[in-house]
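Okay, so subunit A shows up in both of these, paired with subunit B first and subunit C after.
Take a look at the complex of A and B:
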């Protein structure tokens, strides 16, 4: 009896994830040859801790993009959630409660996007562009650029000390990855996300409620952003009001490089993990290789373009394979 | 006579992915005549028009305009030769003014040339005056009514000095007054020597406007006659005159209790009104009608997509309210939609996921999807319907049309429905797969399913149905039993003439 997990795996359907993995391995091999000192435990730990919050946001972004949407307000949501996390901590709320509260606040921000997109049927790009500006500038206006400082001692590293705190951050990211990987594959709701992103009308005819799915996805995105913001904040003794700048681009890039199709319906979290690792490693790897780290962004951009281009080329090849199928649907009925 | 021949199409053939849309279509148009082109749904009218306008390329045959052979046709080329087409749904830019719309395609200028707004307005005014339209050139096209937009299109065609004007169902959504006005414009154009191809399902208006009529059937030109030599009966006979070419695997199965009953059902949003119909267990009821008669709209109302706002829907003696597909599915109503590739299946998803998409909540075991059950279910359906695929994990996009339709059917049978609505179940699939689907329908009826089948193919309706309900203008205008139904009386009802006509 074949295990569905493996028989489900089809190499041809995962060539984009594979491409990202090959690029990642190639990067590691290159750095390994040029600068073997890159491979030390401390460096890997720093990379893991710094990229764990990005991974959590990218997981949410994968859901959003697979559902055929986009959310560019996550950087601003991240900033607001970070400051609120610090402010709440100062009121003396116990840390475990904070772990519940901040994601809930994030979910509320996500719900705002979701209501506009799912219920009022406005394009996600416009809605989230607007909410991005609103959250960011409201924050700037309220805080006047000041930082949140003087959190209680049990805020940094959750009071567990640096080592345990770092383990906790990475463990959270990993737990979120496993949970969402499982849910996307094993829950009806996960199927619904793919179906809605692939063809909302077909999903609706199959008894799925696309607006509800879209709303849920935006709320999950917000909750994950809140969690990422909290986990990121506990690394520092003060929280700046402009954190999360450019986070939306990092997350979207990781998702796209990881093989998720930008138009929705296809993508995996394994790809997102690889994409996050690849884009999160480049900067440090370049430094170790003695290349000016100012190149980081340019190289990241090139990788994203390459990922998108391969998408177009691959889908063109696939379409020509299926050309016979698509011709069969030409309407040759009555004169309309 | 030949010197006034504007357009000539000889023995045109065209096939789409193995389906022969035109076998041998011939047509000629003289200057200053209105030549009606009629035929059933799928007779090939659209395809012939598309070949004349250059939207699609013919596989064979010849096309002449003014005795010049047209070899490489394209929309731009046919336009430059003076061929213009006006469709049932006007194709204007709603955000532009009438004058701009008329100028579009008429004015030729380079990137840097200035627009002479005054001239543009004046020309629009004079063209609109020629078609007798009282429309301001500065009005936005989107603000105009449908008949007004049609007149703007005709004005534009006039401006382009069209010699051949194709009118595709121009009166389908016009009131009597607007129709009369349109006919007046058509007569004026005829007097000026414009040749017009007039496509219409309204046979009764043809004697008022057409000079000659050509009947297409199954991709062949059957006959061209002078309009004053034929009557409506004769035209209907020419349109359907074929024998049932295919043999349908229809089996007699015992008909059971009434499963679905509609009492004066209507939906304003769907444009369906006062529909009363029963479907019994084991019965296949065919829903016939012309494109736009409201068949798909009725199906969508029953499935909760455009909920009924009047009348009653009864299922197994229980009155239902169906406000969403989810409710319809819960009540045991399944709908296999017309547009298979966009709505029937999700192309990106594997076969197995497609089959279980409407039953995900039943597939869950302690919240999680039961992959073993999903595998069993999809293998069962793939085997039962002989879906040609190496694995149930293949994306549905890799399958042929017939196999995709079997997957769509599987999804709905997995919901264990009591009523199955099939919308054009065999459209665009090859003959072999068609016959398999027909056999399947008989199997399902035998198991006691109540089946409502929408089809634009009269032979399929006649060959597969126990009873045939014919729709016209949003309602059922007649129900014929299998024994009484003929192509003539079904078509006659569909054209809105009553069964005894």
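Take a look at the complex of A and C:
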């Protein structure tokens, strides 16, 4: 084994992202052999547009998980924000203003989670389980399944036309990705998220205010969910009342497959990008490969597990190759 | 768990709520007191046992999850395991002709095996439980769908097996109560009276510490997850016996309900704290809330909202009581106690205020904009309120398949119109999403509550038959609408169109659009929806019989999600470039497919299908959707209520030829079916005349 290659690449640091990347490449190779027609520009464009909102939510979820928290209410928030985006647009508010208002509303919903978790110190999974049910059922109660329809003409694609609109959606997702990638690495606030996630007490002693960081992270999660909901909505001319079902699972799976550690403190947005791409491609790839849709969920589950297991295998290889390197951390799975 | 006994005199709030079990007991008493006033027949032995029957499956899962969560883990795969176990049980019995007891044992073995996979990944490979079980959550459900191709439903189980889910011991006690009791006692003993159980708390508090204390952490964790899989498959057997059918969607969403019960019961999600008693109390707090609200005629969504609020408040109370109490004796734990400064309080208040304003304002906006929508104003829940009247009004309870579906929302408009016209009390309630088990629960509640007529849009005819027969025995008239139950379980069917009629009309219309030749694809609701599978069967039959040049190239699921239907339609157009038509047979899927066709810019492809005219209007005018097929859903709801009144008053009896139904005039009755009329084809010329 050419040791220099591994040490240059710093496998140890990016091993989990690498595992996801290998799974993704394997999927692409498989579909490339079975159905080469998968690789055409139109298909990639559609995949990018459909997954851009998921990516934005997954970016927020990365922050939340890195901070040692979790948010399973994003699907419900997404539905509420979608409906509200439509309702606001119908009042005649100019479209650019919506780009400000809907994330703001999302941030308010995120703040509710944040207040319970950060300031009242309740476990995030319980709080967001409760708010998920509350938002979703309240929305059902109010709308009773009615869609928001009769949107103004400049709602779809912000009135820019299909091609420009699609470019806009993908551009927004990448702008968010780049901005957060930069901020997490270079801003004090970004480093604080990692610090709080890996050891709140140490972070506190280092002068960081952990509750404030956690509150901010939940509000950002909400704002990004709002943005994603708006960008997803402008692909259509009406807004259903049940969107975002299962979005939380999709986002969490994408983040974790991308190598973010569920107990916090570690994870990168590049990993999240790969994870989102991997999970967002499976469904379409299977359709192209002509595999019966009945098996789709099973294959999805198997890929998540395979990505996790490959991570363990990679780390065993690494540990045997660099026996002197970082000690294999004997973390017990059951312990948080 | 901690040194709470050492505390000298606890403050008043701590004495009032010494632990979460007491908080819950108070909640339970309040619920019972409240519902015995607002609900009809809430405080009766019958209802008590019905509540038990409804809580067995979730209860078993909650009991299995208690040790899991106490070790600091979680198991999201239990709901999916119910689905997998149910179809394996059904398959082994029905297809492989194994005797049922053997099939049941094999199912339990499968459950242990599934739990074993979780256990191996978590305990041996040290992977985080949340993520592992998120993976198996999807894997097990996927295997269940794959094995049955989504459409297989196993039915016709022998009555001695069904007894375990539907029967009565001594005329009143549901037999599965003993399974639940056995599980409660077993797990209580294991957790609270055995050394093994104590070690689980140690693991939950600190796995590393437990390891140093000589506990073999990995092995113990493995057994916890194996047990969780085993109990999930036991719950699956009860579920099958309870509903009388085994299908791949069994137990969807049960994991979250079970986790809610466990956490509500005071088990700490971080591990190391929790009791079986707490879980049982948590379970009943949730189930009684649902049952009581139903008996009080409140909508199902309110139960969800209140469960969420209950979860937040009990844990909040517990946290504060617990924290103040233990602060002086515990080692100062700074993650728990950051100082709260004035600045924090200010930020907190500002955030709460702003959030409340935004949430409230957005609600107002949403309601207003939906009202403007198309003039179709859902007259909200206030119709449900129990209004005390001097002379008792006729009470008619109508259930849709899913309340959140725009199709049923428009049926409701008609039902309410008729109720107002006839001066009767209309109860409109049902599952928020398609769920056969929930339909049974609602019917049970209506029987207990005492209504005059029950009219159900049936999700699954085998599953609902038993409760509907029970309702008829109690003298309640039973109608079915939208989809039928077994014939002896109801008096009349309000038939909007037969599955055959729907399938044939769809194919005939498709053939007209495609000029009799070419490829087409179907986008369905979910792969396990009985209705849609029935339609697809007739679509295929009609194509084979009359249009040999039409070729069906694929059936893709949309999960009744517009966005998913959009993506599936895009995939179909790319993988089958020659496709000329996409036929969507779920209301949200038609606009999804239509938008995909429109965005592709291809004029040679059309979309069509079964949907509401309002959802499709813009696409019909754009020539993307040449036609939409449906019956008049408002009239359907209207006719259901009129028929219900007629049946209840005896003006509609078996053998009648026709029925006078208000503004609809004379309606044909054929045998035991009230016929709405043939499916209607909406197109560019006529669609603007309809508003639903």
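Definition applied: the second predicted complex is superposed on the first by the 295 of 336 C-alpha atoms of A that agree within 3 Å, B and C clash if a C-alpha of one lies under 4 Å from a C-alpha of the other, contacts with A are read in each partner's own complex, and residues count from 1 in each chain.
Heads up, the rule we're going with is that a residue touches a chain if its C-beta (ideal position, glycine included) is under 8 Å from a C-beta of that chain, and two chains touch if they have at least 3 such contacts.
This one's a predicted model, so the numbers in the text were calculated from it and none came from an experiment.
K.L.:
Go through the superposed model and pick first if A:154 touches only subunit B, second if only subunit C, both, or neither.
P.N.:
Neither: A:154 stays clear of subunit B and subunit C.
K.L.:
Once the structures are superposed on A, label A:299 by its partner contacts, choosing first (subunit B), second (subunit C), both or neither.
P.N.:
Touch status of A:299: second partner only.
K.L.:
Report for A:310: first if it touches subunit B alone, second if subunit C alone, otherwise both or neither.
P.N.:
A:310 sits against neither subunit B nor subunit C.
K.L.:
Name the contact category of A:15: first (subunit B only), second (subunit C only), both, or neither.
P.N.:
In the superposition, A:15 contacts neither subunit B nor subunit C.
K.L.:
Using the touch definition from the top, say if A:192 reaches subunit B (first), subunit C (second), both or neither.
P.N.:
first
K.L.:
For A:201 in the superposed arrangement: first (subunit B), second (subunit C), both or neither?
P.N.:
Both: A:201 reaches subunit B and subunit C.
K.L.:
Just to be sure I read the superposition right, which of the two partners does A:122 touch: subunit B = first, subunit C = second, or both, or neither?
P.N.:
The answer is second: A:122 touches subunit C but not subunit B.
K.L.:
More residues of subunit A are touched by which chain, subunit B or subunit C?
P.N.:
Counted on subunit A, the partner with more touching residues turns out to be C.
K.L.:
Report for A:265: first if it touches subunit B alone, second if subunit C alone, otherwise both or neither.
P.N.:
first
K.L.:
Using the superposition described at the top, list the residues of subunit A that contact subunit B and also contact subunit C.
P.N.:
201, 204, 209, 330-336
K.L.:
Looking at the complex, which residues from subunit B come into contact with subunit A?
P.N.:
16-19, 21, 40-47, 49, 87-88, 168-169, 199, 290-292, 303, 305, 324-326, 328-329, 335, 337, 339-350, 353, 356-358, 360-361, 363-364, 367-369, 371-372, 374-375, 391, 393, 395, 397-401, 404, 411, 427-430, 456
K.L.:
Hey, which residues of subunit C end up touching subunit A in the complex?
P.N.:
71-74, 121-123, 125-132, 134-143, 145-146, 148-150, 203-204, 206-208, 211, 217-218, 221, 224, 256, 259-260, 263, 268-271, 299, 301-305, 307-309, 311-312, 315-316, 319, 334-336, 338, 340, 344, 347-348, 351-352, 354-355, 358-359, 362-363, 365-370, 372-374, 376, 378, 380-381, 402-409, 412, 432, 527, 555-557, 559-563, 566-568, 570-572, 574-575, 588, 591, 595, 599, 614-615, 618
K.L.:
Where on subunit A is subunit C touching in the complex?
P.N.:
Residues of subunit A touching subunit C: 35, 37, 40, 42-43, 46, 50, 70, 80, 83-84, 86-88, 90-91, 104-105, 108-109, 111-112, 114-116, 119-123, 125-127, 129-134, 136-138, 140-150, 162, 200-201, 204, 209-212, 215, 232, 235-238, 240-243, 245, 249, 252-253, 256, 261-263, 283-284, 287-288, 290, 292-302, 304-305, 308-309, 312, 330-336.
K.L.:
Show me the residue ranges of subunit A that touch subunit B in the complex, using the header's touch definition.
P.N.:
For subunit A paired with subunit B, touching residues are 1, 4-5, 7-8, 10, 13, 185-188, 191-192, 194-195, 198-199, 201-209, 265-266, 318, 321-322, 324-336.
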